[in-house]
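Across the two complexes that follow, chain A remains constant while its partner is chain B and subsequently chain C.
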Partner chain A sequence: METSLPSRSLGQPGFLSDLRAFGAILKREWRIFMRYPSWMIALFIWPLIFPMMYILTGRALSGPDGSGLKVFTQTTGATDFIGYIVIGTTVWMWQNIVLWDVGFSLRNEQMRGTLESNWLSPTWRFSYLLGHTGPQIISMLMFIGITALEFGFLFGVKLNGSVWMILLVMLAAVPSIYGLGFAFASLVITVKEANAFVFLIRGLVMIFCGITFPISLLPGWMQSFAMWLPPTYLIHGMRAAAFSNAGVTELLPDLTPLVLFGVVWLVIGYFTFLLMERRARQTGAIGQY
Partner chain B sequence: MSDFAIEANQLVKKFPARSGTGSSSLPSPLPAHGDAAQGEGSREEEGSKKRRRWPFGRKEPKATFTAVNGVDLQIQRGEIFGLLGPNGAGKSTTIRMLCTLLEPTSGTARVNGFDIVKQANDVRRSLGTLLAGERSIYWKLSGRENLEYFAALYHIPQNIAKKRVEELIERMELKDRANELVEKYSTGMRQRVAIAKALLARPPILLLDEPTLGLDPQAARRLRELIAELKQEGHTILLTTHYMEEADQLSDRIGIIDSGKVIALDTPEGLKQRIEQKEMIRLEVTGWHEEIADKLKSISGIENLISRQEGEADLWEVNMQAHNSRAAIPRIVEHISGNGTRLVNMNIVKPSLEDVFIHLTGKALRD
Partner chain C sequence: MIARKDWKVFWRYPLNAVSNIFQPIIWITPIYFMGKAFSTNGQAIGFAQYSGTGDYMSFILLGTVLSNFILTVFWGMGFALKEDMDAGVLESNWLTPVSRLLILVGRTLTSLLTTTITSLFMLAIAGVLFGFRPTGNTLAAFLTAIPMLLGLYGFGFAFAGIVLLMREANTLVDVSSFLVQGLSGANFPVKSLPYWLIPISLMLPLTYGFDAVRGWLLKTNTLLPLQTEVALLIVFMFVMLWFGAWVFYRVERKVRTLGTLGQH
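What follows is the complex of A and B.
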């Protein structure tokens, strides 16, 4: 029995359809994320392990009576050296995790074999990359929350500022951190092996952005370079909001460059994606793994 | 709207290739599953375009690898068109261009009347595609979750999607395990989910790339039945395979592709008629060696001799085409007997598609 089939499929293009597709990508990512329960262990252990390395070094250097910490306070203006370090290391972890998670998101899809089947659909291709950020932001917020709780209970780190101001600084940093992740994810589709680049970026953040020390300690040229790295402002702003009770006005010198860098990195991220997507179509890189 | 479901004119795909350091090995533009990777295409160097190798300033020619070399196709609406060829012939590269994953280097193609470069999204809306089989779905999602997800990607309205997902779960006999994670499914079940995904939007055209690859015989047979049903429902199907029997059984017309070119295009019967004046001699031999092949090839009227070992035992299947088998057989027997070689079985058979392929290319399809 032969039946006639309409020449159009059941799909109905439109903004709402694209929005629903984006929602489906977010839901898929969240479901897959929740089905790898080992991340829960990492979520509790990593916030402690990484800063502990610096905290214990700081304790050792401050002498048996902790008198060396006075020098630290004079240099940084921070009375709580543990809180000071934890904010720096948390920002470093954030950038690092984004590079691994978002940066390798398309590459992981490519290796699984699902990148092609996604890109065969009429959905806007950039939304696959955007979709990876949703669960990533949620897990990162959980990471930061657990860090705050662990250091609050175990080390007595106390907040002397508004949580909302801290969140505002973090929000301002989201576009620059994820924009870099988008650009990186796009490059990885064709470059494939990009671990060295992750090591380079996180090394730069570690040395130039002052994760455990004020950047005023750096030589002049390094300080100038640090001004071009968004995490410098994020770390500075978060410390000011958390321990100096800074308000929006005091935070503006950090918020403004963060927003500007965010716009620049989002644009770079988007256009790198378009460029690499085109290049992958020309070279056949989409199907390679 | 075009009269053809798929129409390709002089489609060419060249991949950039790194120049080797004295090695003649071909690059792998699609190393994982693209057939171009296997190296049947041609490698060229564009002598006119030079590029500089940093930091020493040495110039080297820019090499390209031609995976598809001027393919013309006109596929009618409602037909099953089989694209047949060995690994590396250019089948998957052709399909990947038609489904907009690859951009052609030159030439044009229209799918459902839409240009594959300028109207890529309309092309994607018109197609249901099975590429990479079981790897094209998420193993950490259930069968149902996969289908719901892809239904959203294909912009199917929610109420229709829900019914469609249930319909396909039922049709693909996945109902009992639709809520289990795909990682717990068998290969055949995963392939059924992948096919259901291709059918979700009820697209007029289906591109099925090696749909039965890796399936057990029963699952492969069930899938072939399904493909025949889909044709009855009005779908146009472009099927690539390197299984002769599959192409023969399913296809209304077959295009034989080799080294990136369509070298023959006809109905299965039409293709077989091309060599009907020839007879196919099939031997089973033990103790085979290449010197015997040379002797047999020297017999007048014998051509396209192909030998392959059957399993692990010292048993070889030898196929050849003869203009006059009565005259050739005594000489064949004479050459084979002795020196540890023994003729186990001999048949004169009707030409199959594989014989057509051997006749056209001088090599076996699975080489």
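What follows is the complex of A and C.
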């Protein structure tokens, strides 16, 4: 009896099979994400608690008669110091969460002991990272939306600009934030315990990117360094879009570097992945933990 | 024995020490620059109206050092229990004829020493970077911190009991740590809190600890006369030690009855 073989071997992936694999990973990650609903509590609590330390300190610095606040308004041009701080701290949390979630996605798989077996399947391996990114972006959008709602209702933070412009700035920042996450995730396969690297990156964002202050207050050399960090433009752009009613033209000085950094970080992320993946296979590090 | 083991483990990972020194500095750097945005000629006038000092960085640095100790004592015992649970040695440790509270205290002794060392380094580095100018009575401030820390052991015992019961208490730890430190004025004078939060803040013994230590060392305005705050801290110390031990032993008996001590 003759058996008809498919014209194309299952072992040779094509675009459609890669797409199916990506869809399967996306579905699996979403299922895992929904299976542990305790993240819902964190989703509501952290957007409030983390900025609160800076907001309450800002309140104390304002003074009972608001004399400090007047100085702050003159220095920053911002009339709403709570909104000003919330945008900075939200960007910091975004970068921080991406580093932990996307950055440690392959490592978690390694710890579960499933990375090596998945690696043997004839799929585009980068789709493992992309698949982790999908649910992460959705949960991050929810996180940012809840932050906006909580501070809008509880603290009366009002937008003086277009939501679409804010979303545009955030969209421009997605490639750079996740590109860094991809590069980091790739490094972690080989380095394994890389918590110190997360502390370093989030520390740099915290010190240099102006999460609670305008970077014009930094010394010259720190300002020059801040210009090499994408969150600096993201924070500046989001504040301009949210509180100064900035349009696309006014936002171009932030959007252009964000897109350029995005391209650079995606390329770095992809090639770091290829390099580290090959290195890990050669050294047998894929299955180690 | 327990303290010596923890000392060895801590120094086996020297990056931890470096991280303990620099992490607090990283966290307060945004406050340093934010304070500049609220200041004229280096003086935070608004802040001075609440606290009695325009030197907000000394105020915050002192709060950060005290917070390091609070974290060590308050959460250290609970975390140590969790580590033992995960390592699977809790049940066997429990079988030894040693007081349970002594095991808990032993787990914090090394941490207290390492926290002192890393906090001094942190203070020295932050002093150079941001300026730290204590002008008051260091000895009185140190003596005031002692009943506060001892009282915290009471909190720590109670919290360790909760960890025994809940087993996975990371979110609880993170959230309550942020709330307790925030509401007791680790980074700002509690008078600046919204009026509805002030009563909660005044109910926390730590509020008086932060306030009194700063009052002695930085000559800031205090909520109550300094002697009254010290007396309150001593009372809280006895109450908290008794209450914490009581909660811990009750929970521990319940956990032993349920047979969940070895689970994690």
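Assume the second predicted complex is superposed on the first by the 276 of 289 C-alpha atoms of A that agree within 3 Å, B and C clash if a C-alpha of one lies under 4 Å from a C-alpha of the other, contacts with A are read in each partner's own complex, and residues count from 1 in each chain.
Just so it is clear, contacts are C-beta pairs under 8 Å (C-beta built on N, C-alpha and C of every residue); 3 or more make two chains touch, one makes a residue touch a chain.
Computed from a predicted model, the values in this text were never measured in an experiment.
Contacts of A:Ser224 after superposition on the shared chain: neither chain B nor chain C is touched.
In the superposition on chain A, contact is made by A:Gln282 with chain B only, not with chain C. In the superposed pair of complexes, A:Gly68 makes contact with chain C only, with no contact to chain B.
When the two complexes are overlaid on their common chain A, residue A:Asn160 makes contact with neither chain B nor chain C. When the two structures are aligned on the shared chain, A:Thr256 is found in touch with neither chain B nor chain C.
Once the two complexes are overlaid on the shared chain, A:Arg112 sits against chain B while remaining clear of chain C.
Residue ranges on chain A touching chain C, taken from their complex, read 38, 41-42, 45, 49-50, 52-54, 56-69, 71-72, 75-76, 85, 88, 196, 199, 203, 206-207, 210-214, 217-218. Every residue of chain B that touches chain A in the complex is listed here, in rising order: 1, 15-16, 28-34, 36, 78, 93, 96, 99-103, 112-113, 121, 124-129, 131-132, 135-141, 145, 148-150, 152-158, 160, 164, 181, 194, 197, 200-204, 232-235. Within the complex formed with chain B, the chain A residues making contact are 1-14, 17-18, 20-21, 23-25, 27-28, 31-32, 35-36, 112-114, 116-123, 278, 281-284, 286-289.
Residue ranges on chain C touching chain A, taken from their complex, read 15, 19, 22-23, 26-27, 29-31, 33-40, 44-51, 56, 60, 171, 175, 178-179, 182, 187-189, 192-193.
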